[in-house]
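Heads up: the structure comes next, in structure tokens.
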Amino acid sequence: MNDKHSILKCTNISKSYDDQLILSNVSVELTKGEIKVLIGPSGGGKSTLLQCINCLVIPDSGKIVIEDHPIHLTRKPDLYRLRQQVGMIFQDFNLFDHLTALENITIALCKVKKLDKPAARKRAQIELEQVGLADKATLYPAQLSGGQKQRVAIARALAMDPKILLLDEPTSALDPTLIGEVISVIKGLADKGMTMIMATHQISLINNIADEILFMEKGRIVEQGAPSVLLGKGNESRSQGFCDKLNDLAAVEG
Amino acid sequence: MNDKHSILKCTNISKSYDDQLILSNVSVELTKGEIKVLIGPSGGGKSTLLQCINCLVIPDSGKIVIEDHPIHLTRKPDLYRLRQQVGMIFQDFNLFDHLTALENITIALCKVKKLDKPAARKRAQIELEQVGLADKATLYPAQLSGGQKQRVAIARALAMDPKILLLDEPTSALDPTLIGEVISVIKGLADKGMTMIMATHQISLINNIADEILFMEKGRIVEQGAPSVLLGKGNESRSQGFCDKLNDLAAVEG
Amino acid sequence: MELSPFYQELFTSLNRGVIMSVALIVPSAVGGVLIGILAGTVRTFGSRIGRAIGDGYAAVFRGTPLVVQLFVIYFGLPNLGIYFTPYAAAVTGFTLCSGAYQSEYIRGALLSIKNGQYFGAQALGFTTFQTIFWIIVPQAIRRAIHGCGNEIIYLIKYSSLAFIVTCIELTGEGKTIATEYFRFTEVFTIIGIYYLVLVSLAMLILKKIEEWLYIPGFGHH
Amino acid sequence: MPTALSVVIDALPYLLQGSLLTASIVVAAMLLGLVIGTFMAVGLVYGNKVVRYLLTLYLWIFRGVPVVVLLFLFYFGIFNFFGLPFSAFTAVTIVLGMTTGAYQANIFRGAILSLPQGQFKAASGLGMTDSQAIRCIILPQILRISIPAWSNEFSIILKDSALAFVIGAPEIMARTQFVASRTYQHLAMYITAGVIYFFLTWAGVMALRKLEQHVRIPGYSYNGSR
Amino acid sequence: AGKLVNGIDANFPPFAFIDKTGQPSGFDVEAMDWVAKEIGMEVSHQPIEWDGIITSLLTKKIDIIASGMSITEERAKKVNFSIPYWVIKQVMVAKKDSSLTIDDILNGKKAVGVQQGTSEAKWIKQEAAKKGWNLKLHYYSSAPLAVEDVLNGRIDAAAMDDAPAKDAMGKKAVKIVGTFGMHDEEFGYAVRKEDTELLKKVNAALEKLMGTPEWTALIEKYELNK
């Protein structure tokens, strides 16, 4: 397979709410196995961009092409197909509160992938094991710690065999003591070659797995480059102030 | 004033819920200006201990003495007096949602300290300035960011002129980008000589301001000592595993 | 436009009735809300005895039909030497019944306030009463306002039961004309329109109150 | 002159027969209301402009007009006009069902809006269609949350069912009046009716409590069930 | 044989009421049974709210009203009446131990109860305005309730038909003070305007019944002439 061939290509995505332009002509391209990280100040449009990519928010204009199939933004079946191929992890997990950890995974397998019950359960069990939660299968979200919830959410997304994973600040709703477990699961995915695009300010994630950082501000990607460049000392660009702050925070933490 | 004289002395505090012992014979003593930090695994009893100190949770047994006045745990007026002298900052702020930032501070001054309205407003304004929020006085909690909320909560506690401040994981509900502002306010308080006892896993707070670390596990203080000792490399005690993890996390963050 | 004698008489009566209706509804609605707040608070935070009394009150007045309550108040209490005028009996019955339902909405709202609010106030040295009165209840009222508004709309429609205790309001006046002329369908349709107007008016006022009490972070989604 | 007690005892079987009618009207109307309310709530939240406008109009009329009036309009007017041969029982059930449907729609709408938006987004994110997300994720949650409010609605409809007599279905209240008119024991009869209603309400509320506990999920502290 | 549904106001003893066993009973009910048999039809008696009784007739929910209905001009515009079968007088009822006279009641600033919507209510109101009576009218939802309040002492007297007044005398500590000058009224059966065939048969049967000893026996049984 040609690794340089793009698996996802979003071109000139724009979105506004009530006359306010939130995203203006943003383009992102991902090749297989690539990992991009979105950083930038709050309100910069990171979450909106991620949600536009799998059309949870329908862009006002722009083109989305996944594995050479262009997506019709107005055709529901197209959107459903897109979302099956693009998994998403949210900041606050969004597990289905009325279903157990296992059922959270099986329900999509049954309804969307049309697996039968036993097959779905088998698959779900495997995914839970992968994230180290085989023994929590029958617990409800309210009975899980934050870190465990996020790991179930990851398992749920992976069970759908997504081509790409979108992660929106996957660790920022977690207690400092719980972040570690989620980081290590994400690192594991990176090692296995999962294609990902994530918004995060977790320095350890940025430094260790990102192929490229996209710095977003006021709805535009104002800067992009390898972590070593953007976070490097000599960086004199627009994102400098922000990157310095990130570095500072990391220093304080140390 | 004799700085070595204890300002707060809790002796043999025990507490159980439904036959489950949550705190067993915990004793803590604070001298003026001293800062103690509680660490330990989740469920270890840190929050419960803090809430026992100002009797939000009434201990089953034990003695609390503040500035040489023993507190009768069964006499409501005693409890109200104790709480006026011991300020508390919560993990999730607990601002009064129906009052503006300013009113959050004035209401306690008016109702508890019986100040008249203008005096209370004046005092509240001063406290808001101290935490850098003079311009947010008329906003409601829902309109403030997490960091701002926590700063209002700190201002509200300080307006009551507490002898001691209790802080329960004051930064752990905050986005990484918002933690900094709260840390710097707390550091400012430490510099001014405020007596504090806080539960936190924020390495920068522990390293920079703690006089002593108390390591809590299963309702007991199993270890205590200066940060340099407990977090030092050679520590071979019961808390070792946990402290290593904290150190690791800090390293990862760097 | 000349109205036929039937319609002239009808509208004169209905207009007189609607005044009586409003005179019944307004004090009952206000009284119901006040009792609801009191009873709801006692049922949530009261002592064991207070809670038992509050729960008993709510169970009786929600469990039995309003007609029965009115009947007992008006025709039953004289046996104990207590005489209510028709108007007083109607307002008393409406207020007590409405208060019972309101207390349920208030109770739900009180329970939905996170206990952090309670702790926050306690930690500042508020007494329990101060905490409930200044911190919890003002928030609960804002949460409960939709339910309370619903109950007031129910009250408007139930006010017609005042005829049981000889208090003649909108429906009563209409019925009198309707029985005289035996033209029920027309009369009831017009009564329905009157009520629709009353209810719409109430919704408007409730909306205003809601806006007036509005605070960022409450109610609006 | 018969004593109040003997009148009540004599009338009890007759009243209890009436409570069977009352109970079946209430159960049928509440179920019909549940179906109407569920569909309407979904339409009110997720529907397009026209749907929302029409449903709001329905809400406004059915909440604004007294049930007696609606009953008259439907039984003597609309059903008659279209030649629908509904019995009094069916007619009352339909009208009460449509009325409570409006109130239930409002309850469910509130519940849907109180769910975190993320639940729907997460379902969509997994590739579920909108109707799958609503059926599998949204409805199971909001129906649970709504049980306490639903029990309020139940106790209201239970008492509204007395209107059935307006079109000739003699339930508890009508029977109470019949006996009172014959015996002149009004007070005793009304109190008896009150007690019967009280127990019916109590039975219904308890059953709903049971249901609520049965479908309870860890982590929810639904109102009114500590 | 055809079927007839007779709508009755079951709160109007002794003409129509529900007996101890829960069956419709009363003077009108038994008379109607006889009439139906005579014209070769089956009859059932349907208790129905007075408010809706004429509408029910017009919309064919019932076929005839034989239930103490006064023949009035207004009603005659909508339905056809049979021949009158009973003359009813309007009387005042007061407490048994009361010493009030009719004149006291009309001119002594007394409180008088009437059933709302009845012809006596309308008549007293009009005459009072014309003749300057200073009584104060209270409106009740039924005559028995007015009697109830006479006993409670809230009102001094109640104006009502003589038959139910006699019925009340048998059951409560009240007495009839006397008539108060209102014209007598006549009861008749009501049928739909288009049912001329039915009306003819009913009239014939009714006329025949009134000539038989059964008629006097019925009057005896329900104590209409006491």
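A, B, C, D and E label the chains in the order they appear, each numbered from 1.
Just so we're on the same page, contacts are C-beta pairs under 8 Å (C-beta built on N, C-alpha and C of every residue); 3 or more make two chains touch, one makes a residue touch a chain.
All of these numbers come straight from a predicted model, not from anything done at the bench.
Visitor: Counting one step for each move to a touching chain, how far apart are subunit B and subunit D?
Guide: The fewest touching-chain steps linking subunit B to subunit D number 2.
Visitor: If you tally C-beta pairs in contact for every chain pair, which pair wins? Let me know.
Guide: C-D
Visitor: How many Å are there between the centre of subunit B and the centre of subunit E, using C-alpha atoms for each centre?
Guide: Taking the mean C-alpha position of each chain, the two centres sit 81 Å apart.
Visitor: Please report how many Å separate the Cα centroid of subunit B from that of subunit C, as a whole number.
Guide: Roughly 46 Å, centre to centre.
Visitor: Centre to centre, by mean C-alpha position, how many angstrom separate subunit C and subunit D?
Guide: Distance between chain centres: 19 Å.
Visitor: Counting in whole Å, what is the centre-to-centre distance of subunit A and subunit B, each centre being its mean C-alpha position?
Guide: Distance between chain centres: 36 Å.
Visitor: Check each residue of subunit C and list the ones that touch at least two other chains.
Guide: In subunit C, 75, 184-185 touch at least two other chains.
Visitor: Where in subunit D do residues touch two or more of the other chains?
Guide: Where subunit D meets two or more other chains at a single residue, that happens at 72, 76, 186.
Visitor: For subunit B, jot down the residues that touch at least 2 other chains.
Guide: There are none in subunit B.
Visitor: Can you give me every chain pair that touches, using the contact definition above?
Guide: Here the touching chain pairs work out to A-B, A-D, B-C, C-D, C-E, D-E.
Visitor: With touch defined as at the start, can you tell me which subunit C residues reach subunit E in the complex?
Guide: Residue positions touching the partner: 75, 78, 83, 86, 163-164, 166, 168, 172, 175-182, 184-185.
Visitor: Could you pull out which subunit B residues touch subunit C in their complex?
Guide: 51, 54, 56, 76, 80-81, 83-84, 86-88, 90, 92-98, 107-108, 111-112, 139-143, 153, 156-157, 160
Visitor: Quick check: in the complex, which residue numbers of subunit C touch subunit D?
Guide: Residues in contact with subunit D: 59-60, 62-69, 71-72, 75-76, 79, 101, 104, 107-109, 111-112, 146-147, 150, 153-154, 157, 160, 171, 184-185, 188-189, 191-192, 195-196, 199-200, 221.
Visitor: Touching residues of subunit D toward subunit C in the complex: what are they?
Guide: 60-61, 63-70, 72-73, 76-77, 103, 106, 110, 113-114, 148-149, 152, 155-156, 159, 162, 173, 186-187, 190-191, 193-195, 197-198, 201-202, 221, 223-224, 226
Visitor: Can you name the residues of subunit D that touch subunit E in the complex?
Guide: Against subunit E, the touching part of subunit D is residues 1, 10-11, 13-14, 17, 72, 75-76, 80, 88, 165-168, 170, 174-175, 177-184, 186.
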